[in-house]
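Note that the chains take the letters A, B, C, D, E and F in the order they are written out, and that residue 1 is the start of every chain.
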Amino acid sequence: MKSVVTFGEIMMRLSTPGFGRFVQAGSLNVNFGGGEANVAAAVAYLGIPARHVTRFPANEWGYAAAAAYRRYGVDTSGIVFGENERIGVYFLETGAMLRSSKVLYDRAGSAFATLDPSGFDWEALLADAQWFHFTGITPAISATAAQACLQAVQTANRLGITVSADVNSRKNLWQWGKTSAEVMPELVAGCDLIVCGKGDAEELFGITELKGEDKGFISICKQIQERFPRVKKILTTKRGSVSATHNTLMGRCWTGQELLQTTTYDMMPMIDRIGGGDAFLGGFIYGTLTYQDDQKALDFATAASALKHSVEGDFSLVSVPEVEAIMHGETTGKLSR
Amino acid sequence: MKSVVTFGEIMMRLSTPGFGRFVQAGSLNVNFGGGEANVAAAVAYLGIPARHVTRFPANEWGYAAAAAYRRYGVDTSGIVFGENERIGVYFLETGAMLRSSKVLYDRAGSAFATLDPSGFDWEALLADAQWFHFTGITPAISATAAQACLQAVQTANRLGITVSADVNSRKNLWQWGKTSAEVMPELVAGCDLIVCGKGDAEELFGITELKGEDKGFISICKQIQERFPRVKKILTTKRGSVSATHNTLMGRCWTGQELLQTTTYDMMPMIDRIGGGDAFLGGFIYGTLTYQDDQKALDFATAASALKHSVEGDFSLVSVPEVEAIMHGETTGKLSR
Amino acid sequence: MKSVVTFGEIMMRLSTPGFGRFVQAGSLNVNFGGGEANVAAAVAYLGIPARHVTRFPANEWGYAAAAAYRRYGVDTSGIVFGENERIGVYFLETGAMLRSSKVLYDRAGSAFATLDPSGFDWEALLADAQWFHFTGITPAISATAAQACLQAVQTANRLGITVSADVNSRKNLWQWGKTSAEVMPELVAGCDLIVCGKGDAEELFGITELKGEDKGFISICKQIQERFPRVKKILTTKRGSVSATHNTLMGRCWTGQELLQTTTYDMMPMIDRIGGGDAFLGGFIYGTLTYQDDQKALDFATAASALKHSVEGDFSLVSVPEVEAIMHGETTGKLSR
Amino acid sequence: MKSVVTFGEIMMRLSTPGFGRFVQAGSLNVNFGGGEANVAAAVAYLGIPARHVTRFPANEWGYAAAAAYRRYGVDTSGIVFGENERIGVYFLETGAMLRSSKVLYDRAGSAFATLDPSGFDWEALLADAQWFHFTGITPAISATAAQACLQAVQTANRLGITVSADVNSRKNLWQWGKTSAEVMPELVAGCDLIVCGKGDAEELFGITELKGEDKGFISICKQIQERFPRVKKILTTKRGSVSATHNTLMGRCWTGQELLQTTTYDMMPMIDRIGGGDAFLGGFIYGTLTYQDDQKALDFATAASALKHSVEGDFSLVSVPEVEAIMHGETTGKLSR
Amino acid sequence: MKSVVTFGEIMMRLSTPGFGRFVQAGSLNVNFGGGEANVAAAVAYLGIPARHVTRFPANEWGYAAAAAYRRYGVDTSGIVFGENERIGVYFLETGAMLRSSKVLYDRAGSAFATLDPSGFDWEALLADAQWFHFTGITPAISATAAQACLQAVQTANRLGITVSADVNSRKNLWQWGKTSAEVMPELVAGCDLIVCGKGDAEELFGITELKGEDKGFISICKQIQERFPRVKKILTTKRGSVSATHNTLMGRCWTGQELLQTTTYDMMPMIDRIGGGDAFLGGFIYGTLTYQDDQKALDFATAASALKHSVEGDFSLVSVPEVEAIMHGETTGKLSR
Amino acid sequence: MKSVVTFGEIMMRLSTPGFGRFVQAGSLNVNFGGGEANVAAAVAYLGIPARHVTRFPANEWGYAAAAAYRRYGVDTSGIVFGENERIGVYFLETGAMLRSSKVLYDRAGSAFATLDPSGFDWEALLADAQWFHFTGITPAISATAAQACLQAVQTANRLGITVSADVNSRKNLWQWGKTSAEVMPELVAGCDLIVCGKGDAEELFGITELKGEDKGFISICKQIQERFPRVKKILTTKRGSVSATHNTLMGRCWTGQELLQTTTYDMMPMIDRIGGGDAFLGGFIYGTLTYQDDQKALDFATAASALKHSVEGDFSLVSVPEVEAIMHGETTGKLSR
């Protein structure tokens, strides 16, 4: 089977054990994560070949980060290693009750941020690919990261590979001189599928709900498609927050014709809040390639995402039979012998 | 006081820490457990002498397993040690939310499965006993285990000792040539009390609800008693599953005359799902020997079982005052100083 | 800014990891705690200078206990170290579901219990103070502790320093010859603010609700003020217990004129039940000194206390911006990046 | 086989993990230990019935301490449980290099110290015994402990049971009014075998080396036997200290006729320094009962003690085949498959 | 570069933490290991493509075992997954001082033991290979494992691929009907290089030192080469055992002309005794392919093996620069910044 | 007593547990450390007031780092907190045998490196000081750090405060445009005491041994004093490296008149290699202020340093009585009860 290829930064994730606060920490759990790489890991765990492309420092942490993804089946042969740089780090403190989980980034000057676009031979990296995925975080990192991302999208378009993006607008990440609204439209223009919520649409494209026949999200989706004719599907999730460890989750997909949605999952206690969106898109890629049915793909995606919230770490370590059982309504967590 | 004697396999329990998945495990917690032995441990912790009979390999794990039960007061002097064999293992992954807890058995070829019935001198093992207990798992393990179990029941009957069984039908365990429906009736015929749900009754005895005056469980109990006149009481629990860590529990007892039941306990977060049924029966044995009142015994049993779900490991490490407080309605978990 | 000074015993807190029972413990987590010192720690973490006065044995545990408070900003220069004594210990087993958390005290003969009142130079210890706080536990420990406490209150009164007490009546602690009802009134007479619930009022002062215009708590507060004219504010919290890890919390403050109260917080899963009341008073001190508005002070206090229940250990490691966010309704625990 | 019975205090042992210092401790490992009980555990692990007699508080720690010994085969049925008391505690910090391991006692007011001698029915407790053992620590604890110990020795003498004592002189432990030199002689007079080094002999009996034919230890042993004619064998170990984790060990036995000694074991890295002497005497009891040969018994004892230094905790968890392999010179630690 | 391909069983390795004994274990560390797969991991970590071929159960442990090797760069695409079987387990207790480390095998009935030789397409599995390696353990497991191994060797010979074997004679492993002496010669006849000590040579081939010009190992090597003309090099290591954590190591290589040897490394404290031989051969493969100089290859191999003893787990996680530094005499472990 | 004031960067120290390699790490232990701050901690633990001056980011890690030093008695009131920056990190992998411990720095762009010299009011910071200490690492970090350091030295000189420096030449740290040889002389000119080895002297001052009467270190010291007349004492340590966990240590002090030296300590197993030099200087400061005897001060310093190698983390958690016992020859690590 052809590969799903993803591109983006991978960070070291250092999280306090249990519900400990940063200031109490005597040790930190080590994981690795990145929005795009997590999609590759999710897809690989579901049995579809996946390759992640990134840049690491040529030190033990770069090696360890690659190893972490390789462990769960991601092809890491396209990773570039640079000299004398650092790996980005994010610190995670897990919240409880009304205390929020907290992410503290320490990613400035990472090997990814300082990448040289000419270091990536996209023709070769995408040669055996059927799908290319990135997120709005990649172009936010640095001018060169944005440039490499654009080259990847353009190459994928030329090779006829499906392109998806989680537009994931985070204003405060954009520190290199341009805003997301200046950069993202050109990238989204090359996408076949995007994950994009209402807030993203307003921030990136200035698109808000129009008064008229179409309500809410449908109105927004139609405007996006008008502006970006290549975009055929628009996904989003609706997350309800009861407490730091109690959320609800529903998936939605605008197919160009209709707005599909799923059941709402109750998630309590969530074991890990991070990577839920990546599991959702990884699930949708699997579902699309497997079922050729948007509703089924969306159901699979949302079940996979809900299930992922029960797994510690960034990775969606959930298998096809497990997700399908959830899809089919086995959601009461009965002991399986 | 005379002893409660139990007979059955004890396995090594290797569980992932916290809510970790098997594939992530860097370490596994070590416990030991077995349905019958857990009843002995529950009873011993409640202050009644208890002895467990089983067969172990003569290696460190056999010794450690015996030590684990001895620690909490179970008399292990009746355990037989064989050469060159293994201890059965079960791996446990604790679920969360809609992800089920998962048990993976690795028990083939264990020292218990390969036991020689002549190795057990039941006259001696039951000499100071007042109660003998086994479960439907024991005869499922192997032909010789079934044979030893039958000899124990027959000896207990001859010595006038109360016999109980948790019939616990698990079809896929029966791999040695006979089915549970072929073997269990002869064993149940020697019982004074059984734990048996609707599904068990159908699978083992082909007994289903009759249309008529008696409804549901009562109808089934009456038929069981007709078939097995020695059986005087039939117990069952009704478990509701909201999620992997949120269950509800109610106990029921058919006394031959009436169907007693208890309040329903809300159990959230369950700390350990395993051994709840064993704590229930251990509690009922204690209650029966202490209160001479079926309702009180059932209330004690169900409170003990609910409380056990808050304790990690197979063992019901709950004391008489603690269970009685629950029985008397102290169920809000207020801090005790 | 002038200091908040507190006086009372600090114990070593040895708690089972996770939800383990005492009898299973292979290790115990080490923390330190004491009702008054916890108030100092809360206040210091919120940015107000705080000093705690106590007596420790001159051994490693005394040093470690002082270090634990110093770590979070408490001035420990007023601590007295004695010879050949022990530090008091309390063992904590964290409950789950309907199983209560359990505290087992082992504090007899501690360095604090055997203190010599002449060892504390209150003029010096309170020289730069604006607030003095103690609890009803301090005079319960021993005759000399009660005596030292009274000297502190009298010195504070003389120096014009605000005095507060959490009257915290625990009958079974009073083992040195007098009862709380004999000792506490003289101490409360020197207080400007007390934390005192209905049960405390009855036990310590024999005050119960009067039939008449004023209902419930208001009636009690008015009687307290009549008896103790210096007392200007009376605080209490209303805690609801659903299970060992699920409580609700509301704060109340009688201002002399009216009974203020807050929203009710739902706390699930509580990470640590201990120290909630200390965080409440620490928050009220901060709020009073900062806002000069009783309702705001009470809102801050209750939010701080709710938040504290999400932090392991006795200490209220919650910052001003975090508490203010809760005060302003951000209670759904959304991920903060 | 008849039992070995031991009598003495059991303490909770709280030790820092790894080589951590007390002041750094975030957790403490929980074990239980006591000089006499450790002998019982050693003997039981070697396959000889053993019973320990002591007094515990009737709380979870008393139960847990009994469970810890029962786990490894010690009969705990003779233990007395009292009300409202505490278990003694000793804190252990493991040294490294030139930094000593450190023991901090917190045992005042324990359930054992406050025992009532009439609570022990020695006739019954020694009914099936072949050997009674105590140490010089037991009478040091309190007057009543000394009294109970004397009653036990006298009963054993009357019943014709072998009596042994590790005289273990620790001056600073004797706080109840008498010195060891006042109390121990009467107890030693009832012993058949003692462990007693040169320092002990001087401190307890005022016996020092006489100038003459006999050198060193032999001279001392002869004087002891003259004074205490019942004493037939005198044991001691010679420990060399290179560093906190590197010791050497040799065993010696005066048989009344000659001074036997063993090879010197090099112990590096020692995993646990505590309980080495108890393992030595436990090994000697096993050896005496098994080999009827003093040299073999001494060789077994010393090998068992050396091996014990490789096991964490107070208990000598070493088996007969393991000790015999050491005895026979297999001391290079080759991997065993 | 072409691959190194290895074939053999991978087991789950469950080891006690620190120096804990099996009977004390509250948890076990999880690793995976197998003599041949460890060579693949060593080679891959040194930067040479490596593929391991084996058979696993199609359950989480099979997946996790493959993931463990994939993590460190081993190509796992040639692994076969079967149904309803188990993974072999070995338990490891780490010794200290004169207490040996202990391995307890529980590998009967594993997915590897029950393999079907027709499940392996050796033409395909070796298509891009330059080296094939197996050990004497593989044919010991079962008749079908021996058969598959022979097919692999014959295919490799036909394809002109270098073949190596660590003959590793373990008599008690051969339980399927034939002895190592009956099976191994045919396999060794297909080898270009073997690891074979004196004991192995006698046990497998009946070859012992001849009196004459050639001494010791040289005499044996010459006879082996006479019998097996394809064998061009014979390797062995000389291990000295001071204690369980203190060994010495020297490497030897008979080149057909001369006996090369290395410096002797002092290894104290050894962190992990397992996998030292696999690191040695992995290092020799790397050295041979890199240096084309037997002495250098041997020096690299021995340095890699010594270094491996400092790494926990079966895997030789040591890099080329690290090994080369040791080769060049940097053996004093100075802090590297 | 007047304070010892130190100035320099504090980093977060993230170390692998036990002897784990970076690539294996599932968690990292959290400590904080910095060469100058460690001296402050050592001095404070020995009972002398100490203040550390540095700059931290105004986030949880800055707060936690300050708390870590405050815990052990260091006055952190002079620390400056900046916005939007990071704390420097160093990763530590503990070596074993011939595998070196490894430090991986990630300190670029830290809050300290980007400090503004005008943020430090040295007149105030040194107002109550008797000693100021820095190391050659501080001016290596950045131009502004070098500038602030020079201002501190000049202020101290003006106020008549003793100034010491550990010149600690690390060429590869100097990345901001100047070399150590360009910057250090001006700083050393203001020092009364320096720690300076042969290599440092050559690298920083171009001073090498002169042929003539004076040998080795003495020759170098005399030249240093000629060049820097304020320097009255020159210290150094002589470390021998047997393996990663086995070193030897001797201290030397040139007093201007003679070269004093100490006994050589054997350190095995070293628990922590980091911070040994800081403990040495901290000890020397204590010794100088206490004994007014250079040999005693040097003996204390070296004993303190040796002892520190037994303590995990950067901090010298060793007390005066402990160090004095080592000084007096109690170096065999005998159990202390």
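Simple rule for what comes next: contacts are C-beta pairs under 8 Å (C-beta built on N, C-alpha and C of every residue); 3 or more make two chains touch, one makes a residue touch a chain.
Everything numeric in this text was worked out from a predicted model, so none of it was measured.
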Taking each chain's mean CA coordinate, chain A and chain F are separated, in whole Å, by 45
Taking each chain's centre as the mean of its CA atoms, chain B sits from chain D at a distance in Å of 41
For chain F, residue numbers touching 2 or more other chains are 21, 23, 26, 67, 72, 269
Among line, ring, star, complete and other, the chain touch graph is other
Listing every touching pair of chains gives A-B, A-C, A-E, A-F, B-C, B-D, B-E, C-D, C-F, D-E, D-F, E-F
Seen from chain D, its contact residues with chain E in the complex are 72, 265-271, 306-307, 309-313, 317-318, 322, 326, 330-337
Chain F contacts chain A in the complex at 14, 17, 21-23, 25-30, 59-61, 63-64, 67, 86, 89, 91, 93, 104, 106, 108-109
Listed in rising order, the residues of chain F that touch chain E in the complex are 18-21, 23-24, 95-103, 105, 170, 241-246, 269, 273-274
So, in the complex, the side of chain A touching chain E is made of residues 67-68, 70-73
